[in-house]
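I've put the structures underneath this note.
The two complexes that follow have chain A in common; it is paired with chain B in the first and with chain C in the second.
Showing the complex of A and B:
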């Protein structure tokens, strides 16, 4: 798995011409900032998981989550679910930024986001929805 | 209003039908058995019908076909009206069992009295659905009534512009009356209405409402009034979710070619209060050019829960307990908001679950003007900040458009106060910019530390906050932040807070501590007593999420003459922190008989990077330090020198050791 990610990242780095340096990005790096963000995301995951399972929320190809099927969420809960999605995306953006910063290459943020986008999809459970390369929703 | 052109087109449509029927009547009186007739195109305002053909096939059966009909933005092609038996009587033309083939086949019946010119048309598109149209000559032109029973709203949905949420369910009952002189009156009830847009951000379910609307044409405009009562269902309009609670909206005004005037409007929201409004909407520019909103004594808790809270999601104000009443008057002009008068009556709020802040009994007025200097007069009876009591204070806020000034704010905190001076906030292009200078003074450290759940410290907290500036998401402190504590001083310089409100706020700062009383310090942290004075320098301290990730710290005895004593417990603890050796040595040697030792100087350094602390000791001026470093250099009688031997330690491990030591478990850990 880790190997695959590294390979993907290498390929990506070559494609984007970011050079050898970017290929050495440590995605597993840990700092108090990253730990705080991961902790917050982990706590939220309990609330998001049923929404992934029901298909109401899906994983986007740019490393975010999105409301895929609004009809799957009762009106009274829709604001809360939208809030959950917004908070999750905010955390994900912070995570990508922090990992880039911790690698001493803030400019890698975009590449790290892309790599994570694929990583979340790879790790998604069967039945969850994700966006394919054309942006269409696909059930895993 | 909007219904007027539709009614006109309907008139044209009905007129066209009459023309056709009249033609048919004429053909029939000629006793022709089979005849086909074509007609010119019929056009009217917003209406057109092309390719009209009629076939009378004998035995009363008649077919009317139209190639295309356009009403407003809607078009239908190949429309067919079949009537199995068209009755042609002296003064009456009628069809009891016709079928109109539009998108679907709709059974219909009609009767037209040729002498009285009265048309009755009934369409029954579904079992429980009837649309009855009655047209008769009135005082001026024809009067028209439409009675709907169980009318499907989905049918109307096709008429709505594409950018509004799609109606998916709902039925209407009621009557719409149109007089030839232009008056319209509608009384409609809707049930089970559902609508949604593709994003799901705007949706409603099982909505029931009644609408009572009238319009009367005047010389150059149309006078109108409407009342809407929401009786059932729920709606979500991002980010607000509302449930029907018999909310009532009523308004009246006039409509001319250029503007919609709302002269008197009111929204009655049970539980929250009444809101009055008026305004002018420019139809061409599609914007409000004038508006007034007025609400008296709104119930703050209900307003917060239903309306405000969804907008505050994700901020520290998203989970409050609130109380009080709130009044507001707003005046909008072409340039946007021109005046806002806010009145607060015993408004209170507190951080419900985390208890970080609270303000009680806020009273006063805020008279804001877009281009005038005004003064707010607001008083606060009390509150809490991080569980510390806050006393009464006043907020003398000056306002001038989007600039807000606060010359001096003095907030009593515990037995001292927080002073905020020269506060200025102004709206930038993308975010707010604000700055202030401030001070904390006369706050008892024992009360302060106890309130924060820290080890109790003694003395008084006095701190000066030099210029604090907030630009975008960065908070910067110009000059030095000065704190008096442990009988010494702490000076923080180059303080910068990045991503202040994010999950991982970053702090960068340089700190210098001078002349701290080690007696007070060590007693506070149950470290074992040390008498003396300490200086500390922390360079390049960087915190992420309030945890240090980088710094270079150097602790050393302050210069000067003062008693220097160190207890055996303290020696053991230092040893436990620094690593090996001395603790065991003390235990073995005669030194264990002494409670206290003298020292000349003490010092310790730690350079933290990547989770590892690179340690060093006090500068003893030459000597062989290859074996270790000196933490405490002995002096006097009895003297003791404490050495550290480990140069590197994991920061987390060091913290754990410190925790064990200060929690009273003074058993040294010897590596």
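Showing the complex of A and C:
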């Protein structure tokens, strides 16, 4: 009897451990909401890419984009560029929130934002600008 | 539950009660562990989304730089009507 209980106990422990490992292997990102935000950002990237290259817009540490060099944008286009940046940051905020919610951990939003902030910078093209740990703009 | 009632229980029952308590404690422990942020999984997820948004993994199917000036033969003239589908 003692052995039976012990075995059941061990089996339960193994099952719980495996289930937990599987749950941590991947984050859920295949939801209609996340796909829609991703599509919208992908379209906008065609307009943002030249601004990254020129250095007018840079990547911030907190997973956003920001106007780095206002002088690099002609006055006539400045409002349009600001609109682009605002729309991009809104999509990014929704993206981070949606991923956290899709994984049933809304409190992870900040951690997800930080992870993205680092990965956007790591994967940026050479020549693009990003903010370093002290907040200064650095050319990659 | 007092010690007196615990003593009146048979050995089997006591063992079962112990296993039940142990299981509860362990399940609670697992829930606590699961609350920690899965940093590696988040990085993987971020990379997959960044690939899509920045079109980093198109390979040969997507041109590396779609230059508006360099036109291919079937490209329509700027004033041409869009093809009806």
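Assume the second predicted complex is superposed on the first by the 112 of 140 C-alpha atoms of A that agree within 3 Å, B and C clash if a C-alpha of one lies under 4 Å from a C-alpha of the other, contacts with A are read in each partner's own complex, and residues count from 1 in each chain.
Everything that follows uses one rule, which is that a contact is a pair of C-beta atoms (placed from the backbone, for glycine too) under 8 Å apart; a residue touches a chain by one contact, two chains touch by 3 or more.
Everything quoted here is computed from the prediction, not taken from an experiment.
Undergrad: Please indicate which partner A:42 is in contact with in the superposed arrangement: first for chain B, second for chain C, both, or neither.
TA: second
Undergrad: Quick one: classify A:79 as touching chain B (first), chain C (second), both or neither.
TA: In the superposition, A:79 contacts chain B only.
Undergrad: Touch test for A:111: chain B only (first), chain C only (second), both, or neither?
TA: Only chain C; A:111 stays clear of chain B.
Undergrad: Taking the superposition as given, does A:70 touch the first partner, chain B, the second, chain C, both, or neither?
TA: A:70: touches chain B, not chain C.
Undergrad: In the superposed arrangement, which partner chain does A:26 touch: chain B (first), chain C (second), both, or neither?
TA: A:26: touches chain C, not chain B.
Undergrad: In the superposed arrangement, does A:94 touch chain B (first), chain C (second), both or neither?
TA: first
Undergrad: Is A:57 touching the first partner chain B, the second partner chain C, both, or neither of them?
TA: In the superposition, A:57 contacts neither chain B nor chain C.
Undergrad: With both complexes superposed on chain A, which partner does A:119 reach: first (chain B), second (chain C), both or neither?
TA: So A:119 only meets chain C here.
Undergrad: Which partner, once the models are overlaid, touches more of chain A's residues, chain C or chain B?
TA: Greater contact footprint in residues on chain A: C.
Undergrad: Under the contact rule defined above, give the chain A residues that sit at the interface with chain B and also at the interface with chain C.
TA: 34
Undergrad: Show me the residue ranges of chain A that touch chain B in the complex, using the header's touch definition.
TA: Contact set of chain A toward chain B: 31-37, 40, 67, 69-71, 73, 75-76, 78-79, 82-83, 86-87, 90-91, 94, 98.
Undergrad: With touch defined as at the start, can you tell me which chain B residues reach chain A in the complex?
TA: 196, 199-201, 203-205, 234-236, 238-241, 243, 310, 313-314, 499, 502-504, 506, 543-547, 549
Undergrad: For a test of understanding, state which residues of chain A touch chain C in their complex under the given definition.
TA: Per the touch definition, chain A meets chain C at residues 1-2, 5, 8-9, 12-13, 16-17, 20, 23-27, 29, 34, 38, 41-42, 45, 95, 99, 105, 108, 111-112, 115-116, 119-120, 123.
Undergrad: Can you tell me which positions in chain C touch chain A when the two form their complex?
TA: It comes out as residues 12, 15-16, 18-19, 22-23, 26-27, 30, 33-35, 37-39, 41-50, 52-56.
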